[in-house]
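Each of the next two complexes has subunit A plus one more chain, namely subunit B in the first and subunit C in the second.
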Partner chain A sequence: MMEKAEFDYLLKIRDLKMHFPVKAGIVMDRVIGWVKALDGIDLTIKPRQVLGMVGESGSGKTTLSKALLLLEKPTCGEILYEGKDIHSLTGPDLKAYRRTIQAVFQDPFASLSPRLRVREIISEPLEVSGTLSRKELETKALEALRTVGLDTGLIKVYPHELSGGQRQRVAIARAISTDSRIIILDEPTSALDVSIRLQIIHLLMDLQQKLELSYLLIGHDLAMVAYMSTDIAVMYLGKIVELGETKELLQNTAHPYTQALIAASLPDHPRLK
Partner chain B sequence: MRGEFWNELKDIWRRVPKIAVIILLLLIVTALSADFLALHDPEIGDPRQRLLPPAWEETGKWSYPLGTDTMGRDVLSRLIYGSRVSLIVAFAAVIIAGCIGTFLGLLAGFFGGWVDQVIMRFTDAWLSIPTVMFGVLMAVILGPGVWNIVIILGGTFWSRYARVVRGETLSMKTRDFVQLAKIAGCGKARIIWKHILPNVFSSVITLSSLQIGIVIVVEASLTFLGVGVPPPKPAWGLMLSEGRGGLLAGYWWLVIFPGVAIAMLVTSFNVIGDWLRRYLDPFYRNIE
Partner chain C sequence: MDNNTLLHVTGLKTYFFSFAGTRIVKAVDDVSFDIRRGDRLAVIGESGCGKSTVAASLLRVLPPSAKTVGGEILFEGEDLLKKSNREMNDIRGRRIAMILQDPMMSLDPVFTIGRQLGETLERHTPLRGESLLRRIKELLTAVNIQEPERRINQWPHEMSGGMRQRIVGSIALSCEPKLLICDEATTNLDVTLQLQYLNLLKELQEKTGVTLAFITHNLGIVAELCTTVIVMYAGKIVERAPVMDVFDSPAHPYTKALLDAAFGLQDTRKRRPIPGEPPNLANLPPGCSFHPRCIHADDRCRKEEPPEADMGPGRSAKCWHPGKE
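Take a look at the complex of A and B:
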């Protein structure tokens, strides 16, 4: 509803490059080479799209998410949000962008600040990027807790009193509390117990439908990514080597790396292979 | 509301190391009410009652329970007043040292780069100065006095805090929750104050528990060397120093009582500090 009509994308990434210098030398550091973590990424994230992103470790998935979350400044290229490069946003525009994009990380035991209560954890993004009163923040936090299916009584406990699944739900509540429109999910289930993985996956899929969210889903597990995503991008050595709708991509793989990735994933049923 | 507070207090009491807390509380009460507890003036002695042994010895008197020193001053009264000096110096010095060191450590760890280099090289240089020698030098410059000792000790002991806090900050900085705070748009001050400081605080407390013992000992040492608390003020280190000549002559009470007092205070602080560390860490709170 807040979307401005003239933009049919949420984020548009154009020729994004991120090069890190490799330094050597005992006294004086010399640059002896460059690691090309991202080497020319072009990508568009549309409203309500679940974009799965697969690739081996070091292929640049996380670096890309860091650039989107303003944690790293790209070497060159741009990321457009409502027509403006996100790395040049200031003031109210920057705050609005921060509310728009949120993230959920892999390890729910590391992603919640241990000395803050659940209420503070959930309402922090709103607190620092908005102008709400304490009372309104609390209302928002309660609402977010209910949305992710947690008991509202948990609002005043510390993270260490929660289970892994509950913690991940709190992390998700934090991510949706700002009425965000795109959430970066960095392997959101891989640190969880197998028995609650599916619950979290379904919660994320429900929320995506209900709140009309876009996800950038980063994962190693091709089966999980394929299950959740509308589209899949395959990254390899800092480049997107294949991009397409999930079904199509899995059936007609063009790039040998994608084929290898599919061959390596487990079949749906042990006897199918 | 009042009942709730009372219950919480009872709950805490059930978990604390009781002996250490009782000793420390007793010492604090003693220090606060020294004016009522002491039987004699701690600074002016009675020349006719010199070197009396403790009361249970043959020649002892019950009006001087722990005996008297070479100037006829009551050892117990001096001990009681001396607890004031030790506690004030220890707490004040550790608080000053902790604040300076934590502040610098947070800055160095969080900002890194040249800020880190400058602060940590300065800290290393500071650490390399021998504490007692520096204390003697400063005491000579500033002159004797309780508050000068506090300033000297506070200004000496911050470097260890800076090191520990810097290390903890470095490790906290890379944690996911700090990254998520950045993503949420938290400013640097807020990240340091809300996400890093509370998590390094238990280390500061633990270090303080060890430091406070050392501070008491160093204060006693400086006083022993004659550059700390000036005589005739009652300080435990001073009592040790004045009594050391008598030890070989058989006046053991001049040294044993202040020595035991220092040992008890230091041990209590260490035990309580260790408990406090676990209590302040919410992770441990439900395990105990």
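Take a look at the complex of A and C:
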């Protein structure tokens, strides 16, 4: 990993707002209101932090991850990476940022192109940066495959030949292949079988330690998020209503919405309900 | 079979056949179980273990490539496999109803909520006109839908996911079925809504006496409200037990592994993953299907299929080493 000027944060989000217009009319449409998907988010992601993010559907979790991935431009506010707003990055800085942040999505059946072989899937984000030869790309892809515990022989196959668990491992290999530092995990295990889920979670936790990664873990299962995260942010209607260290947050819950989430969690044992 | 048994399934076999008939996938292979009246049964297991195929076999709504090739399904003493299609139509929706995972798929987008509720009622009951409308409003109120008069004329897309799933529930319960099968009915709902929905089902059971069968992979749902549990693996029932026994002393290694791999807020110990991959039903290992992933597997497990071991009242496990720590 390259050493750069030291910042005590990886990403600093300041007063981030994302408002989507609600339109009425067909030809001469006019704006009749706004959906405040994100409404003033302040958040810092530190190195080696696993930040869990919980909240119901529509609370803005995915919108936030899209803003971080430069897929949506915020209405106002800024996201700082090494002192610069990511939405104003250009040229090599932009490319470097894109390599730094990667994502693993919920459904590995949808997130891997069915027309590409595993080799191409994993090396595609590297190819874009354009500095590596074919051979180096191959080496990198093999290395990533080994890191996620897959047989290197799978480099030649297409996604449809893989099981759900293997596909998700390929998606993870793609996310780490660029020596990324932050990975956004958007419900990374919801689409997986119960018996595979924990394998993937343990893999992600091992990688986080080994490669010193930061995760932004989005999930709706509080128990799973709590298992993985060092800190948890609770989102509700576009705002972060509570943020704290995992243990602390679960034991001394301040916000009523967090309390409701904990109360709605299903019991581990019929005697505990 | 006594009068308390609502459903009695013996030796059910449902196979999928490839186009040319050369390959057979035994999705449900020699499955036997009972459901008692008023029970809340859980059927758990990973995807592809045959949970949903059992449900589809009961209702006889299998895809064209699948066929039930053996067994007996006695529902209130009548063999469903011997019924004609016409007779089955009178059973589906009226005596056995089902709620599926995705309410956007189970509601028709081009009919109003009222029409869809009315359709089932018109098919199975003599209610028409004013009395039909009254019954629809009653049903919507029962699932906590506010302002039923207004909702009747609305479309599925005007409702939230939680509301849609409650409406699906009201359709399922509209003809007061004896058995309601919930196939991953809360998987698409937010956690807060999930608990609401489960409580609603419990409440409706207390009111109507309907027997509930939950097909799920979420052990939390099992702990929250089920009374008996069936664990399936690779098309077979591997364990059957009252809910307390399953959580206190799981007899089959697979059940134990599932419990060890589940997350809990109260129990925050390090979890232990289940090694290996889910089995390929078209190519099952010899002997016990679970042996490649089992920590207790020995030579016999690799060669011979285990029998069903009796583990006391209402309990059994299909394992050579049941209850081994």
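Note that in this section the second predicted complex is superposed on the first by the 267 of 273 C-alpha atoms of A that agree within 3 Å, B and C clash if a C-alpha of one lies under 4 Å from a C-alpha of the other, contacts with A are read in each partner's own complex, and residues count from 1 in each chain.
Here is the rule we go by: a contact is a pair of C-beta atoms (placed from the backbone, for glycine too) under 8 Å apart; a residue touches a chain by one contact, two chains touch by 3 or more.
These numbers were taken from a predicted model, which means no experiment stands behind them.
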For this session: Answer with clash or fit: subunit B and subunit C placed together on subunit A by superposition.
Result: fit
For this session: Considering only the touch criterion stated at the top, classify A:Ala103 as touching first (subunit B), second (subunit C), both, or neither.
Result: first
For this session: Using the touch definition from the top, say if A:Ala260 reaches subunit B (first), subunit C (second), both or neither.
Result: second
Exercise. In the superposed arrangement, does A:Tyr158 touch subunit B (first), subunit C (second), both or neither?
Worked result: first
Problem set entry | Touched partner set for A:Gly91, first subunit B, second subunit C, both or neither | neither
For this session: Report for A:Val194: first if it touches subunit B alone, second if subunit C alone, otherwise both or neither.
Result: second
Exercise. After superposition on the shared chain, which partner residues are touched by A:Leu69: those of subunit B (first), subunit C (second), both, or neither?
Worked result: first
Exercise. Looking at the overlay, does A:Leu112 come into contact with subunit B only (first), subunit C only (second), both, or neither?
Worked result: first
For this session: Figure out whether A:Ala223 sits in contact with subunit B (first) or subunit C (second), or with both, or with neither.
Result: second
Problem set entry | Most subunit A residues touched (candidates subunit B, subunit C) | C
Exercise. Looking at the overlay, what does A:Ser57 touch: subunit B (first), subunit C (second), both, or neither?
Worked result: second
Problem set entry | Least Cα gap, in Å, left between subunit B and subunit C after the two complexes are fitted on chain A | 9
Exercise. Which subunit A residues come up in both lists, the one for subunit B and the one for subunit C?
Worked result: none
Exercise. Of all residues in subunit A, which touch subunit B in the complex?
Worked result: 69-71, 94-95, 98, 101-103, 105, 107, 110-116, 124-125, 128-129, 158, 160-161, 174
For this session: Please give the residue numbers of subunit A that touch subunit C in the complex, ascending.
Result: 56-57, 163, 165-166, 193-199, 201-202, 220-224, 226-227, 250, 260-273
For this session: Spell out the residues on subunit B that touch subunit A in their complex, using ranges where they run on.
Result: 175-177, 179-187, 190, 194-195, 198-199, 282-283, 286
Problem set entry | Touching residues (chain side subunit C, partner subunit A) in the complex | 46-47, 161, 190-195, 217-224, 243-244, 247, 257-258, 261-268, 271-275, 277-278, 293
